[in-house]
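What follows is a pair of complexes built around chain A, which joins chain B in one and chain C in the other.
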Partner chain A sequence: MIISQLGYYSLIFGLLTSILIFFNSSIQIKKNNSVISNKTTGLIGFQFFFVIISFISLIYSFIISDFSNETVYNNSHTTKPLFYKITGTWGNHEGSLLLWLLVLTGVLLGFIFKSKNEPNNYRQLTILFHQIIVIGFFVFILKTSNPFNEIFPVATEGLGLNPILQDPALGIHPPILYLGYVGTSIIFSAALASMICSHVNKSWAKEIKFWILFSWFFLTGGILLGSIWAYYELGWGGFWFWDPVENVSLMPWLSLTALLHCVVTLEKRELFKNWTIVLCIITFALSMAGTFLVRSGILNSVHTFANDPSRGIYILTFLLVLVLLSFVVFVIYENKNFVQKSEIFAWSKETSILINNWFILYFLSVVLIGTIYPIFLDVILDEQISVGPPFYNKLILPFLIPFVLFMSIGPSMKWIKTNIKIGVKSFFIIMVTLILSFVTIYYIGSKNIFLLLLFIGFFYLLLKSLDQLRQKTKNFAQIFSHTGFSLLLISILLNSFSSNEIIRNIQVGESFSLKNEKILFQKILVEKEKNYESIIGFFEILDEKNKIINLHPEIRIYNEPEMATSEASIKTSLFKDRFITINLIKDQNFFNVRYQHKPFMIWVWISTLIIMLGGLFAIFRKNKEVNI
Partner chain B sequence: MFMKSKILQTIKILIIFILISFNLKNIAIALTFPEEQTINITKNLRCLICQGQTIHESNSDFAESMKKYIKGELENGKTDEEIFSSLVEKYGQWIVYDPGISRNTLLLWALPLLLFLVGGAIIGKRILKKI
Partner chain C sequence: MYSKKVKLRLLFIVVFLTLIVLTTFIVFKVLKDNVVYFKSPSEINLQMEISKKKIRVGGMVKKNSVKMNNNKIDFIITDFKNELYVTFSGTVPNLFEEEKGVVAEGFLNDKKFLIADKILAKHDENYMPPEVKKSLGE
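And then the complex of A and B:
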């Protein structure tokens, strides 16, 4: 009760601090002070502190199951394990927005400490722009999504958390994803500020690269966790469905990836200044648009906690204001200091980065148009269409081949001008690529030429990336992320083209087979846990070498809210996952059993981790340079 | 001039790639067995009572009865296209995950490709300016 009050008033104090910082910064900018006063830094610290207090109060309310709090009442239950009580804090609309605010104020504080060597008015302006976003979200939370609403009379029991959200991967998925998602806000503020101060130069690029890498790293991690969760929790054996909500996280990732490459050119050659700024703005706008799409209830998915149109309208208006603001800033300051000094030669790293951005933005436009086109069609013509995997596969897959070819040769390009040499070594790599591709195609038994071309492209990228390990100056960040990316593409392709599955309705004691394996349904067991009852199926699988593998899929019947979920049982090995789920069939003794072979599944996760490792290398390499 | 013809050639190759990918998919689907054919169809259909799931993935009553229906239709000798069009007639375009090319979806397909060409033109102009 009191804790909720504390959280609520902390939010109000946080908002007041924001307004104070906003005016303080405006005055400082007018005065043209050469240092940021301790007062400003202190205020930003306080702001962060207030949000933390508010956030902790909410977590505490969840832990003690304070049902006088509406958010807790709607999303928690006393029988839930402590871990899910805590993760339930951000498993709902109000709490997740508070988390958004926490990251939003946190990255500003981080920026203040990291940007000490930058010019003062640039920092002040960044603070100013950032506070506009912060104030917007404070008002949004307090007006439409207050997490501390009280209800009376106080209920003795809550409504519980959606069982499919009660999962360890999904517990930490929102915080990690938000670090990436909301991390882009500081890129946006800093981009606008640097533009006004005509500070778009090498030193700014170096500075902002950290935040780009930071957001990119966590966004990648967040998407990875979400995919892993979808893979084992949703029980269909897939990890990516081109669902609008997935797309919404992929869009900022794509534009961050483009930005990442672009900002390097700015850092080394002072080129593409305007383009970098535009990408910074696009990235944050996509994060905001994603929040709008998910929170407005336009999209139907597990992420849509509440369908409240007023929330959607607020975010949309706010997004438009920010886009308009950045547009005005861009138009006014675009030509002020941007002199295009150097030309670009066709065979250079600059060109390869332009091509990289060209393709990535094309992929981005496919995802963006595929996601929002149905919404517009629905609104304007009142016609409903579904845009699913076939659309994305057709528009993306063919373009992946030239994309990976450019990606293979890009890193060996030099800045300014490159002399292309085709030696014995290149011939050797091409031969190995062809052999590997043909063997793979033969192995999965396909006669599809298009598939062969895809494999050739992906293997070529893999070998070219690994080949760079022999160079004297190794760029580990790039080698790791490119190697990881090629491995990811190869494993996704192998996974989707050589998966096998079988679905049978059987009773205990019956068996069936898939490929050379025999699957025996031994028995079922009913167990009672604190917050659910579980029916466990015992399966014995005899593989081709007569080795026994035991799998135990479950059906869980949760008590609050009452809902049945199916828990997959997965046996992972280096080359394939064995994946089994069971479901009840109404009023019968039969179970619906679904058994799948998912080849190279673990490599999808490993390769994404390798990509992230590349990001880590880039972050730490930057620090080393600063130390020197 | 040499570069320009090279770029034209690249675009030509890209178009061929797109055509190949469209055709091969149809051929690949036509060559598969009835069970796989059912899966290929149900993977492309939305389970209308679920949230963002295909009929293939779903275990709902609706999805189960749809699977039986489609299998039956295939055994009756109906082609994929006939099954899809009868379902679209009954449930609307919403049920098919592949939007297909029609009057309503022309922009959906064309816009990204158009943007790709525009982007390519801008970059090409920038790089080839001095040649």
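And then the complex of A and C:
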């Protein structure tokens, strides 16, 4: 109880510190005495410290099951294992916002230490803009989502955590994702500051690139973890559903990807100044919009825990204020920065990056429209609709072909001007691409021309990226992420076009078959665990080589809150995942069994890791002259 | 006459705008073809003709209506005014139960019969999809 109070007052102190920093920075800027004193750094340190104290208090309240705290009462239970008591801290609305605030104040501290060589007025202004966001979130938390609300009388038992969230992934998916999401905030503040100080130049690009890569790296990781989690937990056997909540994480990812290509052009050639700034603003706005969509309860999904319209309205208003602010800053200071110094020729790296950006922006718009159109229609016309995967497939897949072609040739372009030469080597690569594509198409037994074209594009990208390894100056960041990206596309395509599944309602002892495999439902076993009862199905699979594979899918019936979940049983191999889930319908004798072959599943994860590895290379690359 | 540079720029702008208009047009065309409308059994009953497009129907699973065999599950969705027979072969979610909320996605055979290819019923016990809540007029 006292700890909970400590957390609350720590938040108040945090808010007061923010206001202090805000005014301090404004005064310094007015006086034009913009040396960042130890006092300012100290205050920012304190601000971070207060948020940490408050965060630890909340974790502690969860560990000791302090049910006088409303958040703990709503989301925890004494029988829950310790691990889920801790991770449950950010498995709810209030706690996750506290985590958001923690990252928000943390990145500012990181920025202060990293930007020591930058002009002081720019740093001071960044602090000022960042404090606006920080204050906004402090007020938001204290006003609408206080994690330290007390309830009286104190309950003896809590309501428990949603069983879907009782998974090890809860420990790591939200924090990693938030590092990516909230990392974009510092990009936003710094972009506005640099605009005002006319500091949009090569040195700024180098500086901000770190934060772009930082956010991009963690956002990629967060999305990957979310996909893996959805794959084994939700029981559909898919890893991407074009669910609005997934889309809102994909949108900032797309604009970050565009931005990280664009900022390199700024760094090398001092081009696309305004465009870089616009992308910085868009990226953070999309992050905020994501928070709004998930937190307002407009979308229904596993991520929506509480529906409270006032929260949605607050975030929306705050978002509009920030966008308006950045718009005003942009309009006033735009001309000062806009000096197009150098010429670009049609065949150059600059052009290819511009093309990359246009394509990514197109993909982004498609996802944006697909996500917000249903909301729009619901509000305006009171009609309920949903937009399914066909929409995205039809609009994104065809454009991927030219996109990957440009992506294949882009990296070998030179700055300013490139002379195109087609040598023997190019023909060799094209030949290998064609052979690989035809073999693949033959292997999956498809006669679809469009599919063939997609494979040709993806394999070409793969080979062209690997071909870069022969160059003298190797850019590992680019090679890894482009190779990873092409592998990802190939795996996804193979996965979706050669998956097989069978769904049956069967009783114990019955069997069925899929392709050349025989699946026998041997028996069930009921076990009692600490906070759930588990019904385990024993399945024996005889594969085409008569090898026996055992799978044990589960149905878990949790007691607090009372709810059933299915735990898939997955046997992963290099080329194929075998995936089985069972379900039980009340008062029926049948088990609803779903058995699937998911080819190349593990390659979807591996290739995303390769993409991230590229990001790591870029982050740790020291000032060497390398092309992207 | 205009100089060559101006002409080139003009051409560029025209091509660019055409491209944007064209893409917007295509995007919204595809969007229109691929949205899935949500209806209640009563709304379907009121329709003059049945659409050939995929729809979602929400309501309650009627008591004692679930019948299963090896390949399919039959049940009735009701909004307490009208009923709709559903036949479905696929995975049912954990929370599929008689007298609980459900959303079925599929094609209408006639006004009283839906061939579903997906059933959605998720989240905790108290949870009811907003659409279902609305269609039950709660």
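Convention: the second predicted complex is superposed on the first by the 620 of 628 C-alpha atoms of A that agree within 3 Å, B and C clash if a C-alpha of one lies under 4 Å from a C-alpha of the other, contacts with A are read in each partner's own complex, and residues count from 1 in each chain.
Basically, a residue touches a chain if its C-beta (ideal position, glycine included) is under 8 Å from a C-beta of that chain, and two chains touch if they have at least 3 such contacts.
The shown structure was predicted, so the numbers you read here are calculated from the model rather than taken from an experiment.
*Asks:* After the alignment on chain A, I want to confirm one thing: do chain B and chain C clash, or do they fit together?
*Replies:* After superposition on chain A, which the two structures share, chain B runs into chain C.
*Asks:* Between chain B and chain C, whom does A:385 touch in the aligned arrangement: first, second, both, or neither?
*Replies:* A:385 contacts both chain B and chain C.
*Asks:* Touching A:583 in the superposition: chain B (first), chain C (second), both, neither?
*Replies:* both
*Asks:* Regarding the shared-chain residue A:564, is it in contact with chain B (first), chain C (second), both, or neither?
*Replies:* In the superposition, A:564 touches chain C alone.
*Asks:* Is A:169 contacted by the first partner chain B, the second partner chain C, both or neither?
*Replies:* In the superposition, A:169 touches no partner, neither chain B nor chain C.
*Asks:* Using the superposition on chain A described above, determine whether A:394 touches chain B (first), chain C (second), both, or neither.
*Replies:* The answer is both, since A:394 touches chain B and chain C.
*Asks:* Just checking: does A:373 make contact with chain B only, chain C only, both, or neither of them? Give me first, second, both or neither.
*Replies:* both
*Asks:* Of the two partner chains, chain B (first) and chain C (second), which one does A:602 touch, if any: first, second, both, or neither?
*Replies:* Touch status of A:602: no partner.
*Asks:* With both complexes superposed on chain A, which partner does A:449 reach: first (chain B), second (chain C), both or neither?
*Replies:* First partner only, chain B.
*Asks:* Which partner does A:354 reach: the first (chain B), the second (chain C), both, or neither?
*Replies:* In the superposition, A:354 touches chain B alone.
*Asks:* Do chain B and chain C land on any of the same chain A residues, and which?
*Replies:* In chain A, positions 236, 300, 302, 362, 365-366, 369-370, 373, 383-388, 390-391, 394-395, 566, 583, 586, 592 sit in both the chain B and chain C interfaces.
*Asks:* Of all residues in chain B, which touch chain A in the complex?
*Replies:* 3, 10, 13-14, 17-18, 20-22, 24-25, 28, 39, 44, 46, 51-54, 57, 59, 61, 92-99, 104-105, 107-109, 111-113, 115-116, 119-120, 123, 126-131
*Asks:* Going by the contact rule set out above, which residues of chain A touch chain B in the complex?
*Replies:* 234, 236, 238, 241, 243-245, 300-302, 343-346, 351, 354-355, 358, 361-362, 365-366, 369-370, 373, 377, 381, 383-391, 394-395, 397-399, 401-402, 448-450, 453, 501, 566, 583, 586, 592
*Asks:* Where on chain A does chain C make contact in their complex?
*Replies:* 162, 235-236, 300, 302, 362, 365-366, 369-370, 373-374, 383-388, 390-391, 394-395, 503-506, 510, 555, 561-566, 581, 583-588, 590, 592, 594
*Asks:* Provide the residue numbers of chain C that touch chain A in the complex, in ascending order.
*Replies:* Residues 23, 26-28, 30-31, 34-38, 54, 56, 66, 68-73, 89-98, 122-125, 129-131, 134 of chain C touch chain A in their complex.
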